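Read the structure below first, then the notes.
Note that the chains take the letters A, B, C, D and E in the order they are written out, and that residue 1 is the start of every chain.
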């Protein structure tokens, strides 16, 4: 009897119930919303564009998590601070003074270029410093140890920059030439959103090609698989890891500039939530995979943007947008129940023996 | 009596058919071997038996009960234990602790009792400890109980893995290349150990091995696998002379070696 | 001389000659809301500076941090009550910290006057009010209602929406606004929320636009989220003509910079800041000299008044020995504070009710014009 | 020739690094803020200590690299490092006279410049700064060449003097309550030590340490040398003393420190729970605060006298429900994440924690649990007619909770279930193949861990008498995870140590204000670099670390 | 000058001493084999030579140049390549990419191309599979790949750690044939093997390692006849 009871896969039943429940809820909510038809198709289109733009930022930041995770198997909690530090510094030391002096208005693109370069340099420098001091000595320590130093580094940099530039929300100037909207499929989208999406896609593709095709990219992949053997090939492991950090941080630096362009304000705490979201995106897409980070980012952006209005509104839930993170994380769980390795994650061998 | 019966087992990975309609019967108390070229699907077959992989088609019957869809822990509790091609001990646990984990299916105590320290728990723990030491002695590792598994010499690790496997009191023991990485001398020692184990406990043993001296030395029945299918089965002498086996696996040199 | 005998039911604090009178502050001086607390603390410090001495004793401030959280409030409270030489407290900054702290303070027989707690529950005896708690800040009920009034009667709008960010202060204010606006006969087309830390507000704004679109959008949140809402509202189709309004959480220099051009013409409700009179001028002078800037948030004046209320009462009820030793009865101090009547402070004429609401609830609405707040109502 | 270049390189590198660090602490405002805080009244401020810390440390550490035994060269090196350290600061001072740096760097105020130039003009101030820094470097380097016999006592003396000065606020309050204000005034002035007392303390500690060096005998040695029977007796005596101390602790500590201890206790309780999940079972959980929240909310809803409360329950009657609710939540979370591995688990649990917090804060659940306005009027626990109001009383409730949790942890660790967890942590697949039912084993870990956390949350709600969703943020989960790792993963006493360091210490150092988290972050890094295995490692963690050292030693040497 | 000369190497894992003063020499063009029981320190010796672990004491000379102060990846540039124990192929990279990684230390595109042809000739199987992800290769193929990859560095000294481990008998023969062939092409080889019988039949000279020490050294032919070796390692009683 006991045996029989044990034979039932009650776990499977519960999981089935859970995911069917979520799916029914989602469908029910969506149908109810569509019947109520609160939004015009133009609004829906807007939601999608907002989602894609936001998703692009997540994707760019997620790259940093995925790269580092792929190589060191470590959640680099401080990555959100690489994102913040670059643009925060560039805003205070460059963007606002340039705006005040009128340079930014007269040479918007030169100015933007300078801001971008500064942001990348600072982000990369912070990343390399963090790696050297807080991670490298612990490369072979039990896995949770570098996780804790990463958390420590994250706090440290947050409050370091707060001390340096203050706790206030700082404005980021509008860039001439990126103001306004352009028509697109029956709706209008903001130019700066277009820029974000285009830049993000170019960067993601570029990075993917870099990692897959160039010698340095291949050396990083080799280091990711086996550090000792990589060294036996003549690869400088420390250098490869530093390059990995630098690439991730450069992406984060660019993401910072795009973020500032769209949202036009910066703050020492601005990395925290995008950081968590981006990490979620990386996992959603399959951590360790670059296309995964991209797909995960876009998906997450979409869920957040469309989800509250589509899934929840119809159910009569008050303040649905407050629950967008609930949707995001529920979708994450749902995806992982179906695909434990994430959307594009590599099949972790079913179970190794 | 047939203790394990595999019938047309198929296991696919994507497009690759790793085990292809493999059929094999194992008699109780026998020492049998599966051999075959690298990548033939031997380890995969083991994984199908022990529930690590869910096989796609066919059936595996153990002691009259189907193993299909059963989870590894259940299969272990039904009486199958195994070792791994690359040693997989619990490296940061001591030898005794490793065996105690192996004893797990035989223990009955409930965790609440452990908190309350009921007499039953204490008795059971004490007995388990004694039993673990007995097994340690049996595999010839007396005195190494407090060593971390990670720090044991390679051969000792192989033995410890076997000790951990037999601790669950299995009826069938699966050994995946128990002599890999051993020199000829060490292999012989292991070979005799396996033979002894069967003789003393009556346990059924199925092994995968590339060392022909071991295989031919102790097997009572040999199945040869290639590309997931069984290309031959028989006694060591039959196998040694089977041209298909020589062609696919042994090579002329090895085959010639037996004839010396 | 006969020895002084304390008859106060809650005990007395005694300061020997040369010992300073000690008060504590428990304001938020760390974390994201630092500006709020630091500004208030400066208010207290200036009040001390102006007063100089109390009955011949210096005044000393022990500044604690309420962390803007319940835990922080409780710990700060325990720290304060562990020091028997502290006679009164100015704090807390955040209502959430005020609730548990008032309990600790009350139980220990101390007294606290908050410069910036605005949650209605704190002065409601059925909810969180405890004896010994007072405040010079207005009750949210007043502000929310005032804003509704302004929108309905002054601007003449009939369709409004409100957004909060899940902060107790914000949520409370938005709720009172929405209720009052409906009571006046207006329609709330949407009452919704974002999360603290969000930056992409477009989806929620698009939903608001699709729901109405409202003529008036009230989001009494803080600078970061407020900045995003303001700037993005201008970019969402349908909200081009909507009047935007926020509350005192966004009355600051940083907020002006954060909203930039997008905030031009926007309305802000808040305690009436058009303080006037000699004291306030002197206050601003002192502020500038001491801290190198103008006040950064709005509650410095309330803190100044709170401290002065306490000082006045100490002077009123303390008994002084010949040698200059003073004794302050804790219950007497409380009673005195609750009896405050027509106290002339920077924030107006304060009169406390039996549950410690002392504010002269003057709420005004200002508009951002050319990068400066201009009071336009009442 | 090459030798010389090398020397110069080391000196330049460490001198400038030290200078950049000094510059950083100045520019982020720490020096400015802490200069208002005296350590030794009228003699030394915390800001100065901070400013001189980096040249002192670098001179001390680097001087020997120049020359191991020639102290004259070493002193020169120290001097050089000190001078170099001043240079970035001087550049800052000079720039600040030319440009208004404050519009970019908020902390570079006039006050800071005055501190850096000792209230002199730029030229004189710079010279002074160089001299002082050089002097600090010189002294620090000199220390290194002092025989250990003297060096050790001096260090001990310094550590104690600075430590007492740092904590003088709390200490003076205690001293006052025990010995009256007269003695307090001799020892402390406001929040600093009196110079005379500082000197006495230093001499006393240094003297004792010096004297002790000759008499190396510890209590532990003494006990170890006893015959087994006696040894057991002594152990019992010490256990008794330990328990006695635990019982009278609130009396010694007073209100505020009891409050701090209570907060630490609640974290210990949570830590013990998470230790089972992460330390024993190896499941990385970043959303652990969820169970704490569920325990707290259950307590609040069941006992609150306000509008939302059921109010029929007393604290004690509600307690089992709180634990049960958390345990159920633990199982509920456990099921979907069972098949996820490693860091997938981490992010999903993190999500779960956020979901709980957001839901608690949401307008959706506001009618039931108060939304942003939280739940008020939660009564404190009471025994009979006595309401356990004071921290010193609540202490005992928390103590009992902690003792029970520690006992359960300890028993389980050494039980069959404990071995199951350990095996699962080492190798999940093999554990399963050993007949271990992973589902039950994992769910048990989640459930028990959640139970402890729920208990902690329940006490928390009752202690605070009001709860807000804000109190259940991700930082709590991170803090609990950090403390069990800093203490030593899988180690029960480690949880206590970790909580004391990461919860108690920051609580006592409240005056660091906005730099608290910066220092917290720095502390995490430094502690992990120095003691990757934690402060009180468990046996298994020691073993793992051993493996780590074995495998790294090759690369380092 | 000897191709490789190591003197009195002491290597530790933490506090565990794995090598207790190993000295050995490999001349240009030789195949030298190291045999010994499990845990004798064979792998450790190879890892020390190529810089993956640094010894606490002792020196490693490659054609007269001391390697001790070089890191592993720098030593590769000096002409040492290793076929690591357990093959260590990059499972997610394709066969071709693995081979390219082998030539990571080189910049002569033409030479690399030629060597690619050379190893394809040596192992035609790899050419067939060049675009396959190497994790899905069979054990024997992986061993070929590991060897080929090491050759891509065009090493002067090739270190091989148990190339026959876990291979089917038919492949074992092939591997040893390859070793001989590579050696004939001019590569010096230091070979570690459990399969002592085979190893001694292809090597010129051999060393016997026991618990971190060299206990015997001789020509391969002599060692094969040595009674102690026969007993302990060849399983001949």
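What we mean here is this: contacts are C-beta pairs under 8 Å (C-beta built on N, C-alpha and C of every residue); 3 or more make two chains touch, one makes a residue touch a chain.
Predicted model, so just to flag it, every value in this text is computed and none were measured.
J.: Tell me which chains count as touching both chain A and chain B.
T.: Expected: D, E.
J.: Farthest chain from chain E, going by the mean of C-alpha atoms per chain?
T.: C
J.: Where is the C-beta contact count highest, in terms of which two chains?
T.: Chains joined by the most C-beta contact pairs: A-D.
J.: At what distance in angstrom does the C-alpha mean of chain D lie from that of chain C?
T.: Their C-alpha centroids are separated by 33 Å.
J.: With chain centres taken as the means of their Cα atoms, state the distance from chain A to chain C in Å.
T.: 38
J.: Using mean C-alpha positions as chain centres, tell me how far chain D is from chain E in Å, no decimals.
T.: Here the centre of chain E sits 50 Å away from the centre of chain D.
J.: Which positions in chain E touch two or more other chains at once?
T.: 16, 52
J.: Which chain D residues sit where two or more other chains touch them?
T.: If we look for residues of chain D contacting two or more partner chains, we find 358, 361-363, 429, 514, 544, 551.
J.: At least two other chains touched by the same residue of chain A: list those residues.
T.: 167, 318-319, 322, 325, 351, 353
J.: Mind pulling up the chain C residues that touch chain D in the complex?
T.: For this pair, the touching residues of chain C are 29-31, 34, 64-65, 69-71, 74-75, 78-79, 81-83, 96, 99-100, 103, 107, 119, 121, 126-128, 164, 166-168, 170-172, 191-193, 195, 292.
J.: For chain A, which residues count as touching chain E in their complex?
T.: 215, 218-219, 221-222, 225-226, 228-237, 346
J.: Which residues of chain B touch chain D in their complex?
T.: Contacts found on chain B: 50, 52, 71-73, 76-77, 81-82, 84, 88, 90-93, 97, 100-102, 104-105, 107, 109, 111, 114-115, 117, 121, 125, 148, 150, 164, 168.
J.: Taking the complex as given, what residues does chain C use to touch chain A?
T.: Those in contact with chain A are residues 32, 34-35, 166, 191-195, 197-200, 202-204, 206-207, 209-211, 223-224, 227-228, 231-232, 235-237, 254-255, 257-258, 260-261.
J.: Can you list the chain D residues touching chain B in their complex?
T.: Answer in residue numbers: 407-408, 411-412, 414-420, 422-423, 426-427, 429-438, 444, 540, 543-544, 547.
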